[in-house]
Structure formats: C-alpha cells, structure tokens
Amino acid sequence: MSKVTSMKQAISTAISDGDSVYLAGFTHLIPFAAGHEIIRQEYTDLEVVRATPDLIYDQMIAAGCVGKVTFSWAGNPGVGSLRAFRRAIEDGVPNPIELEEYTHFGLVMRLYAGAVGLPFVPLKTFSGSDLPAENDNIRSVQSPFGDEEVYAVPPLNPDVAVVRGQRADENGNVHLWGIPGEHKEAALASDTVILSVEEIVDESVIRSDPNRTLVTADDIDYIVEEPYGSHPSYAQGYYDRDNDAYLNWDEVSQTHESTQEWLDEWVYSVADRDEYIRKLSSDRLLDLQTGNAYSEPINMGEN
Amino acid sequence: MSKVTSMKQAISTAISDGDSVYLAGFTHLIPFAAGHEIIRQEYTDLEVVRATPDLIYDQMIAAGCVGKVTFSWAGNPGVGSLRAFRRAIEDGVPNPIELEEYTHFGLVMRLYAGAVGLPFVPLKTFSGSDLPAENDNIRSVQSPFGDEEVYAVPPLNPDVAVVRGQRADENGNVHLWGIPGEHKEAALASDTVILSVEEIVDESVIRSDPNRTLVTADDIDYIVEEPYGSHPSYAQGYYDRDNDAYLNWDEVSQTHESTQEWLDEWVYSVADRDEYIRKLSSDRLLDLQTGNAYSEPINMGEN
Amino acid sequence: MSYSDTELMVVKAAQELRDGDSVLVGIGIPNLAANLAKRTHAPDLRMIYESGTIDSDPSSLPLSIGDPVLASGAASIESLHGGFNYYLQAGRIDAGFLGGAQVDKHGNINSTVIGDYDDPDVRLPGSGGACEIASNVERTIITTSHQRQRFPEEVDFVTSPGFIDGEGGREKHGLQGGGPAAVITDMAVMGFQNEEMVVESIHPGVDREDVQEATGWDIKFAGDVDETEPPTEDELRLIRDELDPDGVYL
Amino acid sequence: MSYSDTELMVVKAAQELRDGDSVLVGIGIPNLAANLAKRTHAPDLRMIYESGTIDSDPSSLPLSIGDPVLASGAASIESLHGGFNYYLQAGRIDAGFLGGAQVDKHGNINSTVIGDYDDPDVRLPGSGGACEIASNVERTIITTSHQRQRFPEEVDFVTSPGFIDGEGGREKHGLQGGGPAAVITDMAVMGFQNEEMVVESIHPGVDREDVQEATGWDIKFAGDVDETEPPTEDELRLIRDELDPDGVYL
C-alpha cells in the first residue's frame, strides 16, 4: 500500500484532538501547509511542540487549535513578537494556553533523547538561569565520574511529527540539504510521521547519495508531495523566504479580528496548498525563485 | 602559514612517545599511511585507541610502538584474529601491553562525550555483560526522571587523532562520503588533529556542498594530501579494499620473525606512502580501481 | 541435491527472518541468510550493517561489514554514533545475528576471552557491537558450529547477554530486546523455553546423542523434535549461483 | 561624516571581535558587526549562526538566522543537535552576541518575561539559544538600547546568566564560558570589573548624567572613561554601501 497521499488525508488520519504534534524545521523547510491543514480540520486542544513557534503556530493558536505550547523561542524571526501567542498568554484569547519552556538546546536534547531511546540526556546549560525553577523536566544529575553536576532533560516523544525535505522516493527515503534543524530528531522521536517534500523522485536518485539521507522509509508513515509546502518559509534551492509575508503578519495579527479575517481568506476558504499557491500573485512567486548553484557531485564508485 | 605538509612532518611534530593516539576509520578510510609513518619514526609506549584495532594496530604492536590498546573489537575483519595483538597479550612479545576494553557503542560514546564536552554520557548497553566489572570507566547512573538505571562512560580526549576524508580544501574543510565511522568524533575529541585526504581541492568544491562537510578548518592542525593513504583499506569512489592484503596478513603475522620481515620490506625500507604505492604491482592497483557512479547533485540555489 | 552444513545453516537462518524486518547483518552466514531471505520470502527485508549502512542492496558478496558494496545504493548511511544510537539503542532493529566462541544454556555469548580475563588462555576479538545487538534487538539469531567446548553450561565471560541467569534475567537487567530466538548449528536448530536452550530440530544424519555429546550440559529436547527440513533446490541454486558464486563461505 | 546610533554600535561591536575568532552571530547589529570585522581587522573571523551554518560567507544581508545566504557557501552546516553539542557545549566558540529586554548590573539577561513568570505583564520570546551562548561562549557581547527600564539592578528573570550574583558566580555554577565582556548601547560602551558593569567610554554628545539616568542602579565609571571614538569614513562606507545597502537595520 502506497504511503503517498494528500496532506488532507495524512493529517486527518494521523492526528486526533489532544495529540502532541511537532511541526519540524528551524528557520528552513517549515511545514506551513501542514499547519494550515490542521487549522482547516479544526483540531482542538493540541499540544504543539516546536523550538521556534513562529508564524505557523501563531496561526494555529489564533484558530483555537492549541491547548499547550512547548517551545524555546516564540517570536516572528527577524521581525518581532508573536501577537496571537501573546494574546493567548496575556489575555486568554481565543483560549488560555499552557506553556512548557526550554532553551533551544534543552528542547532539541529532549527530542534527541526521544529519538535514541534514553531515559535522560545530560547537557551543559540552564545553570545560573531561572528556567529550571519553572520546569520540572529540567533536573540536575551528578556525573558518576567525579563531582561535576550538569542538567538533564527527559525524552520527548510526540504523537505526530510533520517533517520536510526537498526530495524523497515514494517509500519515504528523504534527502534534505541546507539547514537541517531538528527534522531528523523530530521524525525519529515521534510515533507517527508525516513527510512532506517538494518533489517525489526515483529511488535511484536517493540511493545515488545515501550520505544525504535524513531518515529512511521505515520511519515514515505518510508522504505528501507538496511544492511550495513551506511558503512563506523557504526550501533551499527551490524558493526563497517570502520576507514580506513575515512583515505582513506583524500587521495582520494586530487584533484577533484581523487575524481571523486573514485565516478566512488564506486558510479556511482555500482547499489545499495548491490553491493557496495559485492565489499568490505571480510577481510574488517569481521574486522567490532562486538561480541554480549545483553541488560538486561525489563518486560512489561502481561496485 | 599553510597547514599542508607531509605525513612525516605531521607525525613527527604532532606525536610524542607516550601519547594517546586515535587513528580513525571504521572499516573505511583507515589511515594506514599514518600508522606506517609512526612505525618508521620508532615511537614507543603509545596508547593506541581505536574501536577496531585491525591490521594497522597489529603492525604498530609488532613494531614495539604500543604500550596500551584501548579498543572494542580486535580482529582481522572478515579473516580472523590479530596475531601480533594476541602475541603481545598472551606472550608479552615484543612487549606486554595493557588493555582497556569497551563495546563499539561504549567506545564511540566516550569519543562523543569528548567531542561535545560532557563529563559523562548515558547509554543502553553493558547491562548483563561482564565488561563493567573489568573496566572502571563503565559505571551506572540513575535517571533523574524515574528509577531507571543505565550505564555511562566518561569523555575520551586523545592527544592526537589522525582522520581521513576523500577531499579537503587547503584550510582543512573536509568532505567524506561512504561509511563515516567515527572520523568526526575522533577529530572533535582530540587535542591535535592530522587530516589525510585523497585529494586537496579548491575551496569552492567544499563550499558547493556544506552539508557534506565532516569537520572544518578550525579543528584541523595538519593536512596531508596522500593518494592511496588507506591501502589496503579503501576510499569509496577512489579504490576498493585490497582483500588479498588482509588474507596475506594472516600468513605474514604467523610469527614475530615473519612479521618483522614484512615490516622491513614494506615499512622500514620505504620512505613514504608514494614509494609504498609504487612498490605495489600495477596489476594489483588496477584491480582496486572502481568505476564511476556519481551522485545526483543538489541545487543550493544562487543566493 | 546434496548440500553442505553451511548451506543448511544459511537456509535455516534465513527462515528466522520475517518480511519487513530490519535486520542487523554480519558477514558470512548471516549475510548469505539475509540476502537469501530477501530473495525468497522476505522481499521487504531491510538489511542494516554495523558499519552504519541502512537498507543496503549489495550488488556482490561483501567481504567485510565495511565493504563498499554495502554503502553503494544503500538508502542511508549513519556514522557509528548514529547507527548505535538511532537504530540499536532506540530499538529500531527487529532481528540480529550473533556468533561467538562460547554459547551457554541461557544463550549468553562469550567472544572476549577463554580462561581468565586478566591472563587469558585465548584472547578473542571482544564485543565489537555484539553486546548492543544482544541487548537491544528484538530477536537475536545465533549461528555457530556445534562442539562441546563451544557449548559450556556457563560461558567463561559474558560478552553479550542472552537470558543471563535464566527466567526474568533480561527484565531484571532492564534489557529492551527480546533475547536469543534461535541457535543454529551444524547439528541442530535450537530455540528457548523458559529462557533455556531447547533442541527443536536435528539435522539429517545427526542423532540426539550426537547433539548431547557436543553440548556441555544436559540439553533439553522439545516434545515434538523433528528432523530439520533440508534446503530446497531453489534455495541452493540461489546461494550457489547468485549469493556466493565463488564459494567464499560455502 | 555623521552617523547613526546603530552605526556607532555596529562599529564598537565589531571592535570586540578578534581575528581568528569563531563568533556566534545573530541578526541585525551583530551580523553587521561581524561582517564589518571580517572586512576590516579580522579577515579570518569564522561566522557561525544558531541555525548551524559554520563559517558562513553571506553574499547579501541575511534577514533571519536561517536565511539561505548563510547556508550557501558555508564551510559546513550542522543540525541543531550538532551545532549546540559540537560547537557551543564543547566550548568551540570564542565570542557571541546577546540582546534582551533587560540587562542587570552583573550582566544577567532577561528575554523571558516582564513581571511574574506565571502571570506576565509582557511575554517575551524566551531563551532560544541565548542561555547556551551565555553559558558556553568565551566572551559575550551584549548590544541593546540604553533605557532605565532595560537596565534594572536585577532582572525580573534570568534567561541567560551573566555573572549571576557577582564575583565567583560563574565558577560556583560551573559555567565554562567567560561571561559578558562588553555591553554596547546607544549611549556608552561598558565592560566588567569584579563581575560588575562599568562604563568605559561614553558616546559623543552623551554625558555621565545621561548614562546614570538611563541605568537603574548607581553605575560605576572606569577611572579613565573616555569619549567613544566615532566610526571612520571607511567603516561607514562599508556598512552603508556593502553590508546594508538598503538600510534595513540602519
């Protein structure tokens, strides 16, 4: 049975209300299309986890999908703060949300512990900061070799992860290049994994360069081929970041009402990512095109 | 000042008698040329560390360079046992050697802890085995989250590592493909790093594909351009493993005397790797050639 | 069609693998067994090697676990750190092969020393990744030749834990993998009941007394112990013509 | 040649970097400062970004720490796990930039909340990687605008430790990095003596009273406090023509 499906189908099968969900991607290859599909399907009470709950989590919060955010940096990168996130915390609009807060390193190491099956991992951070006092999942541990104490975090195993890559074969062996962020750890730590890629390619493309593989078929449950699936974030070599969209969000999200209007226009009244992309002006799409700069190939040898 | 130098110069500057030395490479890109140079320079009392002390460590042991071996699997891969290693342990010939023994995972995690600056790392292995009773660097630690106990190992920071890759620029930014083994962790854990590559290439080649970089210039102290530097091990895409050499070693190393004769012929009376390679028959070299199988390139985009 | 002990062991080992398994393969019999299974009943077998190659698709017989044919055309390649962490420790591997100089009644394996650890009669290669395979893989399959000194009641040194001291031994030690599922020798196929080794089938031409004689304790026999079914012609043809045409391991 | 506060801050921040440093760069002033240093006195500066790009060589102004120009042409790219472990935790970074909503007398930084953690007046973005930069980098350089509410005697929440409670604070907490080396504002450049912030130079047109007024405690002044040297024409030309030609951050 093929794993290749639509985002609509993948989300509706994989996610239930109340699930913990990790949409992976650190500044690059952020699964915006998956987030919009979650909003369209009107999920509630999700625990959304992400080092950088940027615009896509702000939109999910504004849409009322979220009961809890586990995170390490909540801002509009390069622009300012996340207004819907702040409205939820400061004013309980549209609903109060619970927070569980880490540093980037702390959260990534929780995913890593989840991906490698350890009950805890030590890390050198948090000491001297006020964060451990606010989060019982940050505890100290003494080295069994000498007196040194360091902090530790427990594994994080989200119910569902959505990860992206530039290209995958139809089994789910996936290549990612540019900034890898935490896509790999998120995929390997989560129970169910939705993979969304810019292109599905022949298996021989992936297997010509196995060192580039992020995760393999065995860890992927659903595959969605979705060009521009990260807009307004970017996909290295495919399209650039749409910076105007990030700036515009700062305006759009000024009030709950203006945010709802934007969601109506760009999410609820749009069927899927394809329709969303067609709705963008061609000027805007053209501005995001990148020229070509191919890597020097490697020779694997004919064995 | 250029870091590019000869193996002779790199070894003599980097290594002192009594140092701990890690020649990296798990079944692939083993730095045989560096090992031969260590033998030629008649080092003594080295602590040689390596997951798989195969032929190259057997040769160094037979040559009397070694006082201690820290390891996890000491065999002739695919062939049998290491006879010089066994003579040293079982009969003290040419000198007794101390052993410090791990599993592969245990030893790799010691390097990893050394590379990432942690006082210990937990790992799920050793439980139920007799190894912890023989090695005080394997200790148990309790998770600060619940009752689970796991084992832990402390960091390993060798004085010198020799690592290999297929290509590097003259600053030491290096690409490796095929089986990466523990080259990265060894480089990042060690105080001084000698990098040996099949080819020095233009910086633009490395920077066309930064995701393929193993380690960067900042961590490399010496760079040696040394084609066939891994023979009789192999370099993916450059030459195959010379299996006859592995089979032959099983014969050559039957006695200490026959081993010395081999070392005389192939190490002591040879000036460097270039002379060693020229000494091999052309038939043998031709047999090791691989055909070409290039990876599908990636597009980094013109930014 | 006549066959060798090794060929029979390859076929029996292959039968322990299930379609869709991720299997940690070694060189020699395990490699032939995994490739045979993939070409017969388990086309979706994922072959993983200790060297970090994931879903290898070797075009010819690998001569070591680091052979370039295991890297070329693989789905992915992990570093040692990645392979042991993400695959073994994380419990992603269903089946794994082990061998060793000694295997005991509870499936514990010694590949470290014969005699005293500090003054060994024979120094063996050591664990390599065997201890983590034995600890973390769901089912381990042990292949070895059947001789009395290789089957002591208790191994001289536990390199790789089986059921340790018997019932509940693995739980007590917090081991996630299921432990030894089968021991395949040149005389018999054995499984485990109540964490103790039990003969399940005896190879053609071998009898119970031979097996007992070659085993260092009073080994148990299953109630329905059978004669091991010999390899089929198809299996032998695949092994000889495709998997090991030069007869390196046969 | 006239210049803006931001331009002066960029130049002063650049002067804190040494040739050969590995520097953890952020967006905005830190990015301009690092690129200016690399084009002037520190050609061998290695620019590393939180997103994992190592020795970036951006062809144009990055708009976020994940801008593709930071990946293209870099010497290497690490995952988040790799960057934080191999570079920050391992102590491979010499200098790093930090900002924040509040900075106190001992160089502690708050970027988490104004007010109570559980019922904040203002919810700020949180640490991101700031806590690990503050903990593990040899010298941190803080850039911020100079206002009284941004410079309280003690921050509402320590997101990123400076010298914590003062002398010996970092040692007591086992922090490997050296702590804050400089605080660069639109009024002054400050360093630390005995783990307490001290004004070292005051910008042209600003006087001591202005600085004291904009600081929430009795701030100390170095014995030889000078007027901050203004940017040179070369520096301004580089910033305006090459680094930020569209004036995004100026």
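Letters A, B, C and D mark the chains in the order given here, with residues in each chain numbered from 1 onward.
In this text, a residue touches a chain if its C-beta (ideal position, glycine included) is under 8 Å from a C-beta of that chain, and two chains touch if they have at least 3 such contacts.
Since the structure is predicted, the reported quantities are computational estimates derived from the model, not experimental observations.
> Check every other chain and keep only those touching both subunit B and subunit D; list them.
Joint contacts, listed by label: A.
> Would you say A-C or B-C is joined by more C-beta pairs in contact?
B-C
> Can you give the whole-Å distance between the Cα centres of subunit B and subunit C?
Chain centres of subunit B and subunit C, defined by C-alpha means, are spaced 28 Å apart.
> What is the distance, in whole Å, between the centres of subunit A and subunit C, each centre taken as the mean of its C-alpha atoms?
The answer is 40 Å.
> Where the centres are mean C-alpha positions, what is the separation of subunit C from subunit D, in Å?
It comes to 57 Å between the two C-alpha centres.
> Can you compute the centre-to-centre distance for subunit A and subunit B, using the mean CA position of each chain? Integer Å is fine.
Subunit A and subunit B have C-alpha centres separated by 38 Å.
> Note the residues in subunit C that touch 2 or more other chains, in rising order.
53, 68, 71-72, 77, 89, 176
> Residues of subunit B that touch two or more other chains: which are they?
Those would be 117-118, 123-124, 148, 150, 178, 180, 211, 236, 240, 290, 293, 300-303.
> Please list, in label order, each pair of chains that touches.
Listed by label, chains in contact pair as A-B, A-C, A-D, B-C, B-D.
> List the residues on subunit D that touch subunit A in their complex, please.
Interface residues on the subunit D side: 27-28, 50-53, 63-68, 70-72, 77-81, 84, 88-89, 112, 117, 120-132, 135-136, 157-161, 164, 169-170, 173-176.
> Could you please specify the touching residues of subunit B with respect to subunit D in the complex?
Where subunit B meets subunit D, its residues are 115-118, 171, 173, 188, 206-207, 210-211, 213, 215-219, 300-303.
> Which part of subunit D faces subunit B closely enough to touch in the complex?
22, 46, 53-55, 57, 59-60, 68-69, 71-77, 85-86, 89-92, 176
> Can you list the residues on subunit A that touch subunit B in the complex?
On the subunit A side, the touching residues are 117-124, 137, 139-141, 143-146, 148, 150, 152, 154, 166, 175, 177-178, 180, 205, 208-209, 211-212, 236-238, 240, 290-303.
> Can you check the complex and tell me which residues of subunit A touch subunit D?
26-28, 51-52, 71-75, 77-78, 81-82, 85-86, 89-90, 101-105, 108-109, 112, 123-131, 134, 148-150, 178-182, 184-185, 234, 236, 240-241, 243, 246, 290, 293
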